[in-house]
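First chain A sits with chain B, and in the next complex the same chain sits with chain C.
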Partner chain A sequence: MSRNLSLPSPEKQQAYRSTFLQWFKIYIHGMKTAFASRMAYRGDFFMSMFIMMVVELFGPLITLLIYHNGASFPGWERHEVLLLQGVFLLSRGIAFPFFMGMVWNTISRVQEGTYDLLLIKPRSILQMSIVTAFDSEDLGKLIGGILMFAYAMKSVPTPPFTNWVSFLLLFIFSLLSMFAFGLFMSGLGIVWIGNYRIYEIFMSVMDFGLYPRSIFNKLFQTIITWVIPISLLGSFPASALLGKEISGVLGAMLCAIGFLIFGLWFYHRMVRNYTSAGG
Partner chain B sequence: MIKVDKLTKTYTTYERGGTFREALKSLVVRKKKMVEALKEVSFEIGEGELIGFLGPNGAGKSTTLKILTGILYPTSGAVEIMGYVPWKDRKKYVANIGAVFGQKSQLLFDIPPMDSFLLNQSIYNIPEQAFRKTMNEMVEMLDLEKIVRKPTRQLSLGERMKCEFIMAMLHRPKIVFLDEPTIGLDVIAKGKIRDFIHEQNKNGTTFILTTHDLEDVEQLAKRVIVVNHGEIVFDNSMDHLRKHLGDKKSVHVTTRNPLPSLAQPGILIRKQHSNRDVELELDLSKLKLNEFIKEMNEKSIINDMSIESLEIENIIKDLYSQE
Partner chain C sequence: MQALIERQQTKKAPPLFKAVIQSTYKENFAFRSSMAVSLIVQPIYFLVNYFIWQAVFQVNDTVSGFTLKTMLYYFAVSSLLGFLNWDNADGSLQWLVQTGRFITYQLRPVHYLYYSFFQKVGHRILAFWVEILPIIGFYLLFKIYPIPVMPIWALVSVSLSFVLSFLINYIIGTIAFWLVKTDGLRRAIMVIKDVCSGIFLPLTLFPSIIQKFLFILPFQFISYVPARVFMGSYELAGIKLSIPQIVGLQALMVVVTFFLNRLVWHLGIKRFTGVGA
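Take a look at the complex of A and B:
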């Protein structure tokens, strides 16, 4: 008799829904708590958020300077590059406040020995690392991303609906890749205690996503598409929105899924190796 | 309720000297060292017990506690608590336990403890009614009515520690692990926390108390487990612990006339304040108390005398110094 491959039973579906709702509820609570904590120092909060936003706009500023001086990225108009960078900053603007905080959270908690306190909660350690790491001042990055994206969109002809659909799909993959980056950085932070350089190295690697994929040589293009899905962070979603021809997008999407699965495995493997701090 | 069988934990650490040359050398070559934090430790704890888990620094107490709370994986051995293996069924298991770490706070520093309690309500999925009932009960018991809405950073250490207890027990855990819960507290705060633990234990909560404060152990624990060098060196009741060094008494005596010679079997001079004032340790298996009192009174006439059980500190010192 063939196996029944139908949907999970209504009870199971209900359980999944309730787990998801619970997850969401805890996340919102964590967010509110983080805001409340940050509001204790309001002046510093607004200043930090403003600085974050301004710093984010430095990349596009360099692009403007390049084009202003007559140079260019081959095959890309100025407004197209700005759109690409807007997409990249938007992706980073969502990732950093909402889930990338887990990296700093993990590195500092492991160093202080307070990672233990997350492990004694009846939730997945990954969920606890994210819930307790909402970074409200990184919302400056999101505002910067939105501003940049909106500014670049003004110079681009209105994309057809299908371009928007492709863009949204690739943008989700961009966020998944960011999440995978976060998993690797957090995992390394568990075993490589107090090494804040991990963060800087990954950030530098990620910054290649600020530029069109086509400006790099073939080997590097292969690496940032098939090995580490950096092309998905800005180049591919922006190309989809602009209706540009993209090669290797399916491969990059597969690579992103693999990267995410490997990231999850790596993170949980590193949790197993957690040694805690002396008591 | 808790079954620990041949629990072993070894880990690798790296040795490095203190000099600049050795620091440079360690960048290239590091000397590995295997540390056996726990060596086949076995014990059982029943429901509703209040155990004092003692040991000198580096003896393996915290490692045991971290394995029992699901934080660390052991190298070998078995642990079963309420039917769960802590490191395998971590999420389900930790929903039934609580932990207070005296040196690690679960409260969020910049906001009131109340906000941290509410976050815990979400994490543990505690129904609103049960949450309010437990919280109000505990807040009242620990005199925290005016405290829970103040930012944590403005609270005293004692107030913060009381809030840590609420944080750890809002979900009504069956077992609570306490790691140095009274460290740095004044006598009043210590007393309040001890009363709270006592009360909760009477209601059926099992406590495992790790501390260096022997007063905590004397006042709370009925049974004591002592670990040293990763092994259990004592596991019995408080009464047995008191008799561990034999049937001995601590005696402080002052006399009208100079003291007689005390160099005789069963007497150990601890501190001689003058020739009329001395602190002794009496071994009652070698010298009967009434004979000692009679002799002292006849030879020197007793002015004042106190007789107490041997201080637990001395017993623990003896257990800690065993190789």
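Take a look at the complex of A and C:
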């Protein structure tokens, strides 16, 4: 069985390139392919997804055990900390399946020598790295995040509309920060060949975002707000939703934008440094 | 000259275990920068935990019998044990079975169990100076001295936990004979193992009913028991045992796990088929 392909004219191709819709279509196609290939080992897929969900709940488990033993984080009720962690996990749950896979994708392709295949495609290398990296297993993280967020919200009085608006705005910045993290990791993956432990470095740094910002000392509070916008991953959006007083949020948002711009610059710089060995 | 050649020819090959340890050490030495990532990751994890417990102990003097000092000591010791006990016996075995390359190990004059164990020894010797020693240095900056109260018992307990963690991982790897691809299942068991072994938190923080369940599982002997032996006292689920008693129980668990390992292997190997070598 053969299939004939009629390629669109170069003008049409150019027009397609510039549309976001086309980008989206390609992404959906990448998702379908990723699902299809993962379904070869269906049992393992569902098990992995379930585990991803369970692993995500480990941070909240520590919180529950701390409060179970009569201890607490100063100034934070149990359900408030759980909400913070729910927001953090929700952000991570969106980031990991939908675009964070580019990190693993980049590292493995650079190591195998198949990164060149992405570079010769008529799309930007960043787009191709994301499209070919949809991680269906990580949907478990998203489910875990949603469950945690929903569970925590049950114990919180219904927030007013303005709190929701602030929360959504900060949550978008949280996703931008996650994306910037992904860019840095992918960029590092190009030059630090075959080192999958790059993930671990960033995951450990992100751990600062899983707990209330107030538990850290002034120096670390400054670092996670003004240098690496980790506070935006959980602490700030959750505080906005709870109506807690927060300081330095504008600075953190500016920092997130700067972090993203620097991440994009770093990523493209590392791509330029890439030296191919195959073709 | 002739005498030298003859001497070289008659020179005995190094013992098998030594050869495996040496080759694994050399092989992984090439990837030492990957191993050294722990020198960034572990201090960050420690700092996060330091702030968590510092905040918690601002409100309470003790949590489940632990003070801030003993909690940090526990965290430091269990993290060092984590580095010492780490191995990929499960992943390697699963990969060999999945790709069919396991057949080449069946033809070798050494059982894969021992080959894999000595690979772990070689790998961990490298980890000792690349990961463990620098991290001990980092802990010293925080005035945490991972010195055991009873050094001989601690040494015995750590050695037993080293063997036990390998045997458990090996059993997990053996599941590949039935399921071929076991990434998800392995990850599941690893998470359960890590949580139940007390590598992240002392097991006494869990509710008492869960502690009773954790007491009968073998996982506590990987991290919680050696860490408590370091501290010089043992308690779980309201059961207090002396150090010789708990180390004896740990040794018994190693023996039981070894025989369980052999049984699972015996049943699993019958299912393996491979073509070519």
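We take it that the second predicted complex is superposed on the first by the 258 of 279 C-alpha atoms of A that agree within 3 Å, B and C clash if a C-alpha of one lies under 4 Å from a C-alpha of the other, contacts with A are read in each partner's own complex, and residues count from 1 in each chain.
Quick note on the criterion: contacts are C-beta pairs under 8 Å (C-beta built on N, C-alpha and C of every residue); 3 or more make two chains touch, one makes a residue touch a chain.
On a predicted model such as this, the values are computed, not experimentally measured, just so you know.
A.B. asks: Is A:267 in contact with chain B, with chain C, with both, or with neither (first, second, both, neither)?
C.D. replies: neither
A.B. asks: State whether A:208 touches chain B only (first), chain C only (second), both chains, or neither.
C.D. replies: second
A.B. asks: Of the two partners chain B and chain C, which one touches more residues belonging to chain A?
C.D. replies: Larger number of chain A residues touched: C.
A.B. asks: For A:197, is the partner it touches chain B (first), chain C (second), both, or none of the two (neither)?
C.D. replies: second
A.B. asks: State whether A:149 touches chain B only (first), chain C only (second), both chains, or neither.
C.D. replies: Neither chain B nor chain C is touched by A:149.
A.B. asks: With both complexes superposed on chain A, which partner does A:236 reach: first (chain B), second (chain C), both or neither?
C.D. replies: neither
A.B. asks: Of the two partner chains, chain B (first) and chain C (second), which one does A:68 touch, if any: first, second, both, or neither?
C.D. replies: second
A.B. asks: Given the touch rule stated above, what does A:88 touch, chain B (first), chain C (second), both, or neither?
C.D. replies: neither
A.B. asks: Please identify the positions on chain A that touch both chain B and chain C, taking each partner from its own complex.
C.D. replies: Shared contact residues on chain A: 41.
A.B. asks: Taking the touch rule as given, give the residues of chain C at its contact with chain A in the complex, in rising order.
C.D. replies: Contact set of chain C toward chain A: 31, 33-34, 37, 40-41, 44-45, 47-48, 51-52, 54-60, 63-64, 179, 181-185, 187-188, 191, 195, 200-201, 205-207.
A.B. asks: Hey, which residues of chain B end up touching chain A in the complex?
C.D. replies: 11, 61-63, 65-66, 69-73, 90-92, 94-95, 97, 99, 101, 104, 106, 108-111, 115-116, 118-119, 122-125, 151, 179
A.B. asks: Quick one: which bits of chain A touch chain B in the complex? Just the residue numbers, please.
C.D. replies: Against chain B, chain A makes touches at 22, 25-26, 29-30, 33, 36-38, 40-41, 112-114, 116-117, 119-124, 128, 131, 272, 274-276, 278-279.
A.B. asks: Contact residues on chain A for chain C in the complex?
C.D. replies: 41, 43-51, 54-55, 58, 61-62, 65-66, 68-74, 137, 192, 194-198, 200-201, 204-205, 207-208, 210-211, 215-217, 220
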